[in-house]
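Worksheet: the structure to be examined is printed underneath.
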């Protein structure tokens, strides 16, 4: 394992300090916590939005803290959901009197830790609502399991809920918009290479030179199927088909597309992939009114890509285009 | 070699199309060329700024096309300088009557091809000036060689020349500002892993599990020294010392810092590195008034980092903070 | 013989040792079917617990359990943090402030932990989680006046082994579907260590 | 015997074949001390030249050289594109519109190419570039009425080999400093192939 790091135990701490040092006018770290908040938090009269999760998904989630997106991001250890006390500190720090929305990705650990924090905050009289993002169609949606994972589609939830909160909406309205995004966003990923949790020191799985993994999550978990290397266009088709089996896109639908690199995928490859994905959507008669290409919800240094499609309506479109001033995402 | 791609011969073409498809309101590709220009090029009454080089450095250079930075980016084959006719098309497309500045990175191929294009444009009556960026202190600065390479510091040249051009300055003023940046910007990189030119199919060099390469360029070239893996703080010190041997920073100096990932370095590691670099500068009493962390001038999927320091004065500071609306860099 | 706070301290220090000893193994299991941090998470938790226990004294088992639960909730994170943390929290309440507990009472305390885990995590038995150790184990020994701790331990071990052939329905392993079969659940293994060290400690008393 | 456009066509088609045959070797050399694209660049150039030459006929050597120079300038890129392109461009001017050239005239044509490369690239001999083949080779055979093409070819090969022990001062290899020693310069090798195929072609005439 080769990584740019010092003490493996301090990696999250040093990363958070490195972020604040890079963006001193935008971000502030709550003392003694792993929470990054907007410099001017709490914003009075605005619903606060808190997200977070394990580290290793950078720029998620700290990179999305700022005007028009998140008020706070709580960082856990690498790939480990943060603890309730940290989330609770974040909630307290961003409550501007209108309550706080927790944007949680659907992992048992995240759900439980954020829920416990919500209970702690409610006990102190702060209104807290939560939404759970579960956009990953790689995983069967079943009422017998904990259901689908939350992956890159979360970025759209941050963007849209954040924009509405910035306009002064009430907590239940912001929650409703977030739920609408969640209902209409689906993602699917694949990887060309695994990643190594720093403290583990070895990769989460291995892939031969001619193998790729389809349906990988964002935690170095093995995916749902292993197959031989394929051209980008075929991969785009596999990911799209799986999403569309759920989404049933029709000619004339308007969508936003997110092409998300998993950590070490060069922009060159992401744009080649977008070229292939755009052709598939065009063929279907689907209008892509917004495409976002980059590394937004990563899995350490994993190589690979996820495709996310968000079905739009007028409200979602206008919130998607609203300004955002975060360190990673600007609009 | 595993890459998200289709036909290796079409990789640049598909990448450029994928970019335009993702940013249809911002970018336009000149028909039959590998040139991306601002959607509204030429901007009348503004000096046009053209940069480019081999592909594989994304988001450079196409990602920097837009208001406040470049008017056109010319893409060569991977790591291969574009040909004069392509650069010439770019010059013609962005000349708004005030002439065109070519921002060239100091590689023999880039210099020769851009120069030949400049000669072609001058022959057609377009005023063309050029600047050659040579910020890489890894390489000896000698009048007996072609001198130092241009690497990540080029981003500052784009930003500052672009901002001044946007304000309506004349060609010679824009050139002078670019020259001032070049005089005051130094960089040095290192890599943890090599990269593979798609058409070559195998990496440009190999590194053992416990080796890193110091002084690597952005073309998968081997660096100037190979050594064992070191903590981020030590690496930051090595890069800084080499830069400072040239720059002689003093307590009280104001600088901008660019922490540039080489293609597959996670943001987590870049921020950890920034934390280490910031400590070194603080210790020296140098004021970092601007830090930019991300992957800006990459070398395909190489893992590693470069440190760039730009010594600021009032003009450079204000141009650095001027608005920029490109697909990769927004201010 | 009754159970005191000191017994619990001995137990949990032993748990600390065993987790550190098996840290890599737990992480390997989690790499196979999860995200590869269970050993790291549990190690972080027990190290913090060890620091916390050092220099603190407890009159009642419940006080110690409460303190450990707070450490686990605040330091482990992931899925295992809230699960172990909630279990110990509810165990502490069930133990109330009694200074000693009979074995029968102690099994009831454990039962409160099991309920807490199922409330938090909503997993049933057969879903390939720590519940597959906790629930059948405690149900089997509940309402017994005297526990055969040797049997308790081997039962825990068998239950852990039984997760190997299960098809995961909860936790990250569920994302793997049928590919999760053939690997022991990491949380089941840490739970086995939890109960194994408990059995060893309580056995040694006599 | 005089040199015609058809001879040059045969030569350059042969150059095309040799470049494709040695493409990987050229790339390997460039990976060792450059950026690993010289074989790829030259192959792209000669393939385009092959397409261009196909179906076009040329009256004079100069016309053919001009057409090839435009292809190389427009298709190769990198450092080698402008260098080979400028060389051929200046060779075309020197050849003017004569339909045949004597060997002595032809060496003068090559000399114009050498000058162009040095003007564009500003490299001297001894700096580990293609100049180390071009300059000494052409200087050695200049002003001879009849060329010993066999000797011409072996000289080119020795010159290529001589770049191996040079410490690069120009081109990307210069960034490696002393580490560039021990590898043949890729542009020197493609230049050797350029002159080798020329010698073979002109030798066969007689």
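Should a chain be cited, it is by its letter among A, B, C and D, assigned in written order, with residues numbered from 1 in that chain.
Keep in mind that, in the parts below, a residue touches a chain if its C-beta (ideal position, glycine included) is under 8 Å from a C-beta of that chain, and two chains touch if they have at least 3 such contacts.
Nothing here was measured: the structure is a model prediction, and the numbers come from that model.
Where touching is counted per the definition, subunit C and subunit D have no chain in common. With each centre defined as the average position of its C-alpha atoms, the distance from subunit A to subunit B rounds to 29 Å. Subunit A and subunit D have Cα centroids lying 54 Å from one another.
Centroid to centroid, with C-alpha atoms defining each point, subunit A and subunit C lie 32 Å apart.
Residues of subunit B in contact with two or more other chains: none.
Viewed as a contact network, the protein chains form an open path, each link joining two chains that touch. Two chains count as a pair here when they touch; such pairs are A-B, A-C, B-D. Interface of subunit D with subunit B (complex): residues 27, 31, 33-37, 40-41, 44, 73-83, 86, 120-122, 169-172, 174-177, 179.
Interface of subunit A with subunit C (complex): residues 54, 76-85, 107-109, 112-113, 116, 138-140, 144-146, 149, 197, 199-200, 202, 204-205, 217, 219-222, 224.
For subunit A in complex with subunit B, the residues that touch the partner chain are 2-7, 11, 14-19, 21-23, 55-56, 58-59, 63, 192-193, 209-210, 212, 229, 231-233, 235, 259, 263-276, 278, 288, 291-293, 295, 298, 300-301, 303-305, 330.
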